[in-house]
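Can you keep this structure in mind? I'll have questions shortly.
The chains carry the letters A, B, C and D, assigned in the order they are written, with residues numbered from 1 in each.
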């Protein structure tokens, strides 16, 4: 079940590699690489979140806050203190890690809905800070003038170039996570999800693992935040509000909670739905979005990543 | 200009806080009714409140039904939406895990919000206050008549539910489902009906909260989510599943918001309320009146 | 730590009291588990046997009293720390990792014996890959020992109850414990399965691992136990060899008084 | 299996792609408004207005004989979407120029896009930061905006206060971009007008009640209160002010109050409230010789006839932006650089919110005279003396 096969991974990588070329040939989708940059940013967050939710069984409704911490640390340090963008990215991830440990250690003792509320509250509080500390963050209006990224003097100043940066990072994180799941650590996480009592009896330090995974997912979210900030050259608090946290959960649910593939598929689908496809429905957009989500929940409780297996099972019958 | 003593200010904060808190408490009660029977947090709870306000606007202001008639009609309509929510979004899920059920309620809340936008548009609506808008002045503390209605309805809902759960067979059956669905099934209670009933009941309470709130704060299609979150916070603060907890949690949340808005930096008022909520959870992981042993047995 | 003598008991419980709210589940229990033996705890339902297990393995701290493992007080330790010290357990309700294969369950049991650095795992370091390979072999050997080698790739949740119970014992053994606490390993099993379980428990003792056993199947208890303690309503009413216990009038009364059958094989 | 899914996906995309290739219109103009989401009170009338204006132009034979194709996108008050839509309008829809976005924050979010792609943008949002590059101290070359800057509204209010002898005030604002930038200007300009701010309170856009903040303000006994917000909360705050018996403390609303709907919603509580408004809100009150009398009356009548709802001043920003752009297209044709140059030198453009005089140093082109101070009297606006 958990053996993650190499063939789909290679196919996925190839697809990602040639996608901009394909898109450039088709006028109607020529802007899709631009969308894919955001999908990649979301995917970075959902990979971590899927590890936390699908494998360690812990919910978080506050990950938009870590996304924001990464973005704001990058934004503030580069624009106001002239810090190198890559260093700022690292510091953003570090800041997120520190906050994650501080909030995760007490929160992850909570169960179920209580944990959901605690992370939700945390997310809202951080968002209020982004909004109120206008000296640093620019307040609700947002923050302008965040520079783009350069690699050895080569500017990543177009969707095409940034696309490869973001998806390169996604690929690396994906590989890392796949390794992790198939390692003793991954087994321990799944064990915790299956039975905390039995895991503890096997000597697995549950609290520590939960905090580690929470922190890892926070770091990934912060990294995504930095990438977002340098691509948009602009950030505002509304991007990192609790509705984005809920949107992340929707991505995970649509893609499939128990699969890292699901995290990526969910991120791409939701990015395209909400940023592009649903626009065609105009005022019915919100209703259609809800209906899609509801239908997937009803008919594909395992998410879209579970669909091919389900389809094959039905065909065999 | 006349002076305005601090004590008066404080009392004013309390009055305001209790009123807002009463709304949160009603939303929290709605959460608890469904949670107790199904273990689901129904994130569409706030949409019931929004619908309560907007449907009332339609039947009272637009159709011109008198208040006394518009009230039951509104509650009935929203209750129907609650029933539909259960039938169309919750029951069709074949392998229900708590997480998928919650996602389903999120989806439902998005749909309801979208439909409300199409039906009522994006502008806010007003309702006439139930007994006029002349403020009552008690020793310098101002009370809007509508405040009394809000608090009155909270009391009515609390008393009504207490009687329902303790005195009626249906209520007792629902209570049994909440304690142990398997055992309830064994003694012949139709758990599905109870789930349906819980959605209907909590939609009705949401509607009451919405139609009493609208004369104070107006109503528009986009209000539901924020009210749901405040109500969820209240339910958690008080202890999930506990009705006295919901009322306590709601009132405390309202009071903190009002007091911190009045006495501290008002931009951070929501943050203060949430920080206190977090602090309570870290000390009492199952809320003020929640039972840790019970939460352990709940699936999620 | 003082040198452990073969004659010292591996586990000592002194004046243990456990109260849940107003209800006293265990009252002044004294218990010694001799090293390298099979010790059984029996008693009617509600006697407090599982509670005793939960306290020993750190699920909840005792209200009063002392627990010493190899001479070291452990009553304030967390479950995973107690596992680390060398006490492993099974559960009355079978707590396997159902979405994992039998092999993975046993591999997870070896968590304490392997290294699992977070970043190393993510980077799939060669040393960890080698470790994983030998881990698999060790786990297979253990599955072989408990007789489930053929079922290694089957999901634990899909196994029949008898094999699930055996697998759970195997997983407990994978931690390389000095003391293994088995909570009703034969409950719900048929005669042949019970026999398999009994053989396995004896084999465990032969490997030098002490067994603490809670069980209702009196035939099995009497066959394999070296020493038996009887609890009733949270109190210890008797202790001794199987033969002594069978003859103890208090024990007979406790069981008969409760209306339950006390089959002595 | 993922491969299969991917293949199907790709094929779908390709089919969609060829099927809906955009047909090239003569003059393609883009628009981004917050038609839904938190700022829909801005985007909704703006979209309606822009569509109405274009319809009128096309009915009259278009510009230089060419029809205008207006592509309106809804950014849903979301920065990410806004950014994507801006790029899509420029690169894919080949818009010669874009009007919008509705919100300051989102306008700021797309400034770098338009600067990079060298495409004119006429924003419909208020903040002066949109047309002020802090690095150069001058406007961004490609960015213009039609709404009066918040600072002009603040100056109009402060000027009125000086006339009324008010010097001790409290401010209260919503914790959204609109309220935050207004608050910033209120704080910044207060010393210039010798006004002391004794209380600075905030509330959330979805708050049900502002009694606590107002009670606190009451304790400071200021001469006036300025509220800076939009949407339902600005109605609630006026009602609370009335309920608390604070009529002696004069209430000033921002220009965000500029819709008669708000007076109606306030249910009598808005009586006596001051508010700076653009000419289009009070077209019928303007003297016949007012330069904007004609255009504002025309807009008001057209809008009411077409949409059967009261005019909101925000729609006027889109009217100004769309007509400015039409004017430029008529003069120089669909050439981005020429449009930009034309707009920068445009003088005396009579719009809904004032007479615009652009220059290289001013890409807004308005003065505080663009605002009229009005007061609510008998459930309608009346010019304040």
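Just so it is clear, contacts are C-beta pairs under 8 Å (C-beta built on N, C-alpha and C of every residue); 3 or more make two chains touch, one makes a residue touch a chain.
These numbers were taken from a predicted model, which means no experiment stands behind them.
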item	value
Set of chains whose contacts include both subunit D and subunit C	A
Centrality ranking, top chain (CA atoms only)	A
Inter-chain centre distance, subunit B versus subunit C - centres from mean C-alpha coordinates, in Å	48
Separation of mean Cα positions, subunit D and subunit B [Å, integer]	35
Subunit A and subunit C: spacing of chain centres that average the CA atoms, whole Å	42
Mean-CA-position distance for subunit D and subunit A (Å)	34
Contacts with 2+ other chains: residues of subunit D	36, 38, 175
Residues of subunit A engaged with two or more neighbouring chains	131-132, 283, 285-286
Topology of the chain contact graph, where touching chains are joined (line, ring, star, complete, other)	other
Pairwise chain contacts under the document criterion	A-B, A-C, A-D, B-D
Residues of subunit A defined as touching subunit B within the complex	53, 59, 106-107, 109-114, 116-118, 120-122, 124-125, 128-129, 131-132, 242-243, 246, 249-250, 253, 257, 283-291, 293-294, 297-298, 301
Interfacial residue positions of subunit C with respect to subunit A in the complex	57-59, 78-80, 83-84, 88-89, 91, 95-100, 104, 107-109, 111-112, 114-116, 118, 121-124, 128, 131-132, 135, 155, 171-172, 174-175
Touch list for subunit B against partner subunit D, complex	1-4, 6, 9, 12-13, 15-17, 19-20, 23, 117, 122-124, 126, 128, 133, 135, 137, 142, 144, 213, 216-220, 222-223, 226-227, 257-259, 261-263, 265-267, 269-270
Of all residues in subunit B, those that touch subunit A in their complex	35, 41, 89, 92-95, 97-100, 103-104, 106-115, 117-118, 225, 229, 232-233, 236, 240, 265, 267-268, 270-271, 274-275, 277-278, 281-282, 285-287, 295-296, 298-300
List of subunit D residues in touch with subunit B within their complex	36, 38, 40-41, 44, 175, 201-204, 206-213, 215-216, 218-219, 221, 231-232, 235-236, 239, 243-245, 248, 261, 264-265, 267-269
